[in-house]
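Dropping the structures in below, format is structure tokens.
Same chain, two partners: chain A is paired with chain B first, then with chain C.
Here is the complex of A and B:
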């Protein structure tokens, strides 16, 4: 009896040990699998983030000397009190984010709705919509220089055929930033459309049928069903686009160089000037962090507004 | 094949085909787009292919040298790869003209092209990172103070002793300003830039235009001597489509003048005007002079030029657009770098061959005397980074380009390099021109150099010039009033000076001033 009991006890203990081993082995295996990604993330994201934060408390002027000097918060103070270029540049970035995200979202949604009504050609149209998304932004910018040329660009030529005088897209300070926006909208609206179209196709048919039985109009269905159901997807799309537009650099660098005047000098372009043209690394790091805070706050507000707006 | 598939499989296959086609189109568009950019790099391939640099094929570059033979005795650097970094486009062609020489010397050439306005940042980043990846750099000599004083460059004194690049032949201003720092030689010249005034002599001498001008202004139409005259002549020649020019009805608008309106170098077109007032960038204590009443007047003149006689998209004009506006028969006159007349005499690049006249820049009357100054922006020199692993091979290439074959380099219309040696100033070398035109061209270049006005050759040049350029660009785009824009630039200059250590900057500036004065560049 005792033998049987002890045999049972022994078997139970062995099973427990095996179970514990299995449990503990599984996380170890999982950790091993994740480790390379974590190492890469630490090396290319976390370390530079911490390093640049440290840098932002130093004055490091590589034009003059490679030796950094501790200045505490002075770089941040300078950005707030003594830099007439930074805040207007940040304003231009936020202008691009605000209008860019809003227009791309509205147009993208409309395109997605149209796309979902298409029958057989949907695959082809979706594939074609992917073309601008897949082109490198620098290539879009180079093509933009040609397309938006005032004298011999195809856009103004086409406008002239319908009796319109095209504007000076890149050489007029009141138009240049809008031209940058236009290039971004052209390239990224299809991205929004494809994401929204994919979301629309996952919506449950029953609720729409119920809404139809209840006599809901198209607008009511859209307003009270489609938008709230797509809310998580829309929030992610808005966040991705907002962060991406905020970082816009290639198109500005190639199409306008920040001009005319400072009309297209955005925060990211100005940070590039400070860091990689003037080699004021400490100051560039400080204004980068200010931008990080601003975009985080702006994104949070944006998401809350969307949530509130969509009920 | 598709016919044998079931419907879902067929759908999937069709999707794959569509997606594949899209990827191909996108890749094609990207390739087409980037092919037009200046961000190209890569090792030179076999003759006849695309070399990966310059704006010609390697075959065209080698063919351009015509009958110039490859020297029999060249040093041997077997198997060494020399990486060159410089501004992309036609000025890199020079490394292709002499490709057979590099091959014979056993050198493999790798060229890294960077955008024109980004030479400083890309090369400085390379130096700071200490990558050892570059053996020969082409840069604008305004940055020699920064590069040499920070210890990025190899002093060339010992190399020069071994293999003489004949620097005594280099035009004094370029020799003194471009090549040295703190008593050492760090670079060899490749391009001697100076601004000259180029106009349509056929239109200026047209009897109908002469008569019309006299009727309107009461005096003869001549090459403008002052900046006020420049505006008057520019406005006179600005015509709408449908109006007549030299007796012919215009099918498109024609403009009297044009400026470099893009961000980056627009400041130089302002300095052309302002410097003729006799002022310099800073006083002895580095107080900026760029917001003086004379400077404001000069900037107002440039603003008036942009508003009243330039093409409407002039704010998007860089070197290429400004050159083409003249050579494609769109504009009467421009201030440009001195390579443009060579291109203007080449029928493959110009619609106005034989119709261009050259002159000193307009000036300002100071104390009853006409003063004219020609900005000397950009220029190019060749230098070897201290970290180069193939310094001997790099020096061989630099010396070969700067000295041995320099006459060809500065006289061909296939690059943008301008004369910088006394021995290059002979009309017979400039075969694209008629002899009289070549004489006039070289006389103008010589005169412009005698009235040359330097860039800021002290560390921080890139920052000072960017701040001034922003002010000029704000004024010409109507974003700010010229006086306010220049006051802002002066304040920015003070901030830069303080940031870079004022005491140190004053010392460097005083030394630079002394040199400018000794060269007669500043009176």
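Here is the complex of A and C:
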């Protein structure tokens, strides 16, 4: 009896494997090769996701009581209606995303045009421009703390040489968020510039010659040829930057700690505060889910773009 | 355009480029110089550009203190996570490239994980590792970093396998080699430059990571970014030592940026830009 049953199960499994293979036309060997990675990725993503989704329906405040209790959607309702800090924090994240992406795109474009006019030195200049991009955001933040220091930092000294009175970069409520923005622009403009420069070099020269023959002005060529041709690449760049700026955490942690007051408290920093400072894990899980949804929308558009191909 | 106009244009272009290089590199150079300054020189106004005395005292202080341990922890975590990512990622890259296993869905599911916000996984990882008594260990960070390293290796190396000709592998199969032999003996060997590059970049991503390290470690394990953040938040801020440790943290990355420049953009854009 038992043997027939297991033989049945074996036959069932074999049939399943055969069916999967037929449908995908990939040999079993191919499936075995992806198995470890898929298992790892399921473990490090799906498991935490389900865990934190469950968590977000509970109120778990270690400072208050070690026993979580079920509150349903209350954490989400609280975030939207009852938390005076969450919306402003989300607003600051979007402020950084909006201005960061726009400024980096404009400066990056200008720098890309300059890069492509260089001859052979372009390779070396590109490599040097990658230094800010590659170093740890925490290292960028430490440079920021030193450079922006209002009493002994070099930046305000340089400004004073040309007769400007530099602001209190990190200690002033109205300036601090702009300083964080400036740090992001410093680190990531070269990245945008290098991508755009690579994109510009792939544009077909004949089209430009034709435009020149037709007597198109520089601005017309830029608007009607360059921008539309580069559009797919620019969209990918904008989405990557937008998602990364939305996640900004390291520079804020080191440079301002979310302050002064809550002037640089962004959504991701506020999540950190709720989770690791206030130990409200349920609530922190709920607001991290809200951010996950915001990022997923951007990521879906990005993946669709890459999928369609850049051409 | 006249020759003169062209020369003037080139000169203006160089001014823009040199201005940009100054803007983007001076803060890094400033930190480098700070690592040699005495505490008095750091606080002087107007700021001192060249330190009076160049010696490596702050470097030995930094490495003798918390920095040495942090350097070791960073090395262990970054190499551990990179090694596992290669081990599971390279076969996956090959399988997706050659057999289109799982169709586009699998490939793009893996890509979308690369974009996961760390703050969303930090809290669940924290609770999970707490449950298994793994907080504050190297393993916790090595596992957590797989979230971004495995998808990165798969996508980056897949691009290299895509570019390889299949003829050699097919010839080997005809000669009776197993598929596994064709993979390890031929494909992997030919893709070594791509695999090494992906390893170095995955190493850098782990080396630089801060948020998950902050959430998942306390005192037993402390990677360089966390150690640096601690030094800045301390009571007495020793700028020379912080400068030295920052330089130690960025030097390997700067060297790699110079060597790998062709591939960095490809890596940072999920292979969307071949550069």
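As a working rule, the second predicted complex is superposed on the first by the 263 of 311 C-alpha atoms of A that agree within 3 Å, B and C clash if a C-alpha of one lies under 4 Å from a C-alpha of the other, contacts with A are read in each partner's own complex, and residues count from 1 in each chain.
In the analysis below, a residue touches a chain if its C-beta (ideal position, glycine included) is under 8 Å from a C-beta of that chain, and two chains touch if they have at least 3 such contacts.
What you see is a predicted model; the values in this text were computed from it and never measured.
Engineer: Identify the partner contact of A:291: answer first if only chain B is touched, second if only chain C is, both if each is, neither if none is.
Structural biologist: Second partner only, chain C.
Engineer: Quick one: classify A:256 as touching chain B (first), chain C (second), both or neither.
Structural biologist: First partner only.
Engineer: Going by the contact rule set out at the top, does A:55 touch chain B (first), chain C (second), both, or neither?
Structural biologist: So A:55 only meets chain C here.
Engineer: Go through the superposed model and pick first if A:277 touches only chain B, second if only chain C, both, or neither.
Structural biologist: first
Engineer: Regarding the shared-chain residue A:247, is it in contact with chain B (first), chain C (second), both, or neither?
Structural biologist: Second partner only.
Engineer: Between chain B and chain C, point out the one touching more chain A residues.
Structural biologist: C
Engineer: After superposition on the shared chain, which partner residues are touched by A:30: those of chain B (first), chain C (second), both, or neither?
Structural biologist: A:30 sits against chain C, while chain B stays out of touch.
Engineer: Give one of first, second, both or neither to describe whether A:47 is in contact with chain B, with chain C, with both, or with none.
Structural biologist: second
Engineer: Quick one: classify A:170 as touching chain B (first), chain C (second), both or neither.
Structural biologist: first
Engineer: Touch test for A:139: chain B only (first), chain C only (second), both, or neither?
Structural biologist: both
Engineer: Using the superposition on A, tell me which residues of chain A are in contact with chain B and, in the other complex, with chain C.
Structural biologist: Correct list for chain A: 123, 126-128, 130-131, 133-136, 138-143, 146, 151, 254, 257, 276.
Engineer: Please output the residues of chain C touching chain A within their complex, sorted ascending.
Structural biologist: 9-10, 13-14, 16-17, 20-21, 23-25, 27-28, 30-31, 34, 42-47, 84, 87-89, 91-92, 94-96, 98-104, 106, 108, 110-113, 115-128, 143-144, 146-147, 150-151, 154, 179-180, 183, 204, 207-208, 210-211, 214-215, 224-225, 228-229, 232-233, 239, 242-243, 246, 249-250, 253-254, 256-258, 261, 264-265, 268-270, 272-275
Engineer: Can you list the residues on chain B that touch chain A in the complex?
Structural biologist: Within the complex, chain B contacts chain A at residues 11, 14-15, 18-19, 21-23, 25-27, 29-34, 36-37, 39, 117-118, 120-121, 124-125, 128, 146, 150, 261-264, 311-317, 459-460, 462-463, 466, 470, 473-480, 488, 495, 499-501, 504.
Engineer: Can you tell me which positions in chain A touch chain C when the two form their complex?
Structural biologist: Per the stated touch rule, the residues are 24-27, 29-31, 33-34, 36-38, 40-41, 44-45, 47-49, 51-52, 55, 110-111, 114-115, 117-118, 123, 125-147, 151-154, 157, 186, 189-191, 194-195, 198-199, 233, 236-237, 240, 243, 246-247, 249-250, 253-254, 257, 268, 271-272, 275-276, 281, 284-285, 288-289, 291-292, 295, 299-300, 302-303, 305-307, 310.
Engineer: What part of chain A is in contact with chain B in the complex they form?
Structural biologist: It comes out as residues 59, 61-64, 66, 82, 84-85, 123-124, 126-128, 130-131, 133-136, 138-143, 146, 149-151, 168, 170-173, 254, 256-263, 273, 276-280.
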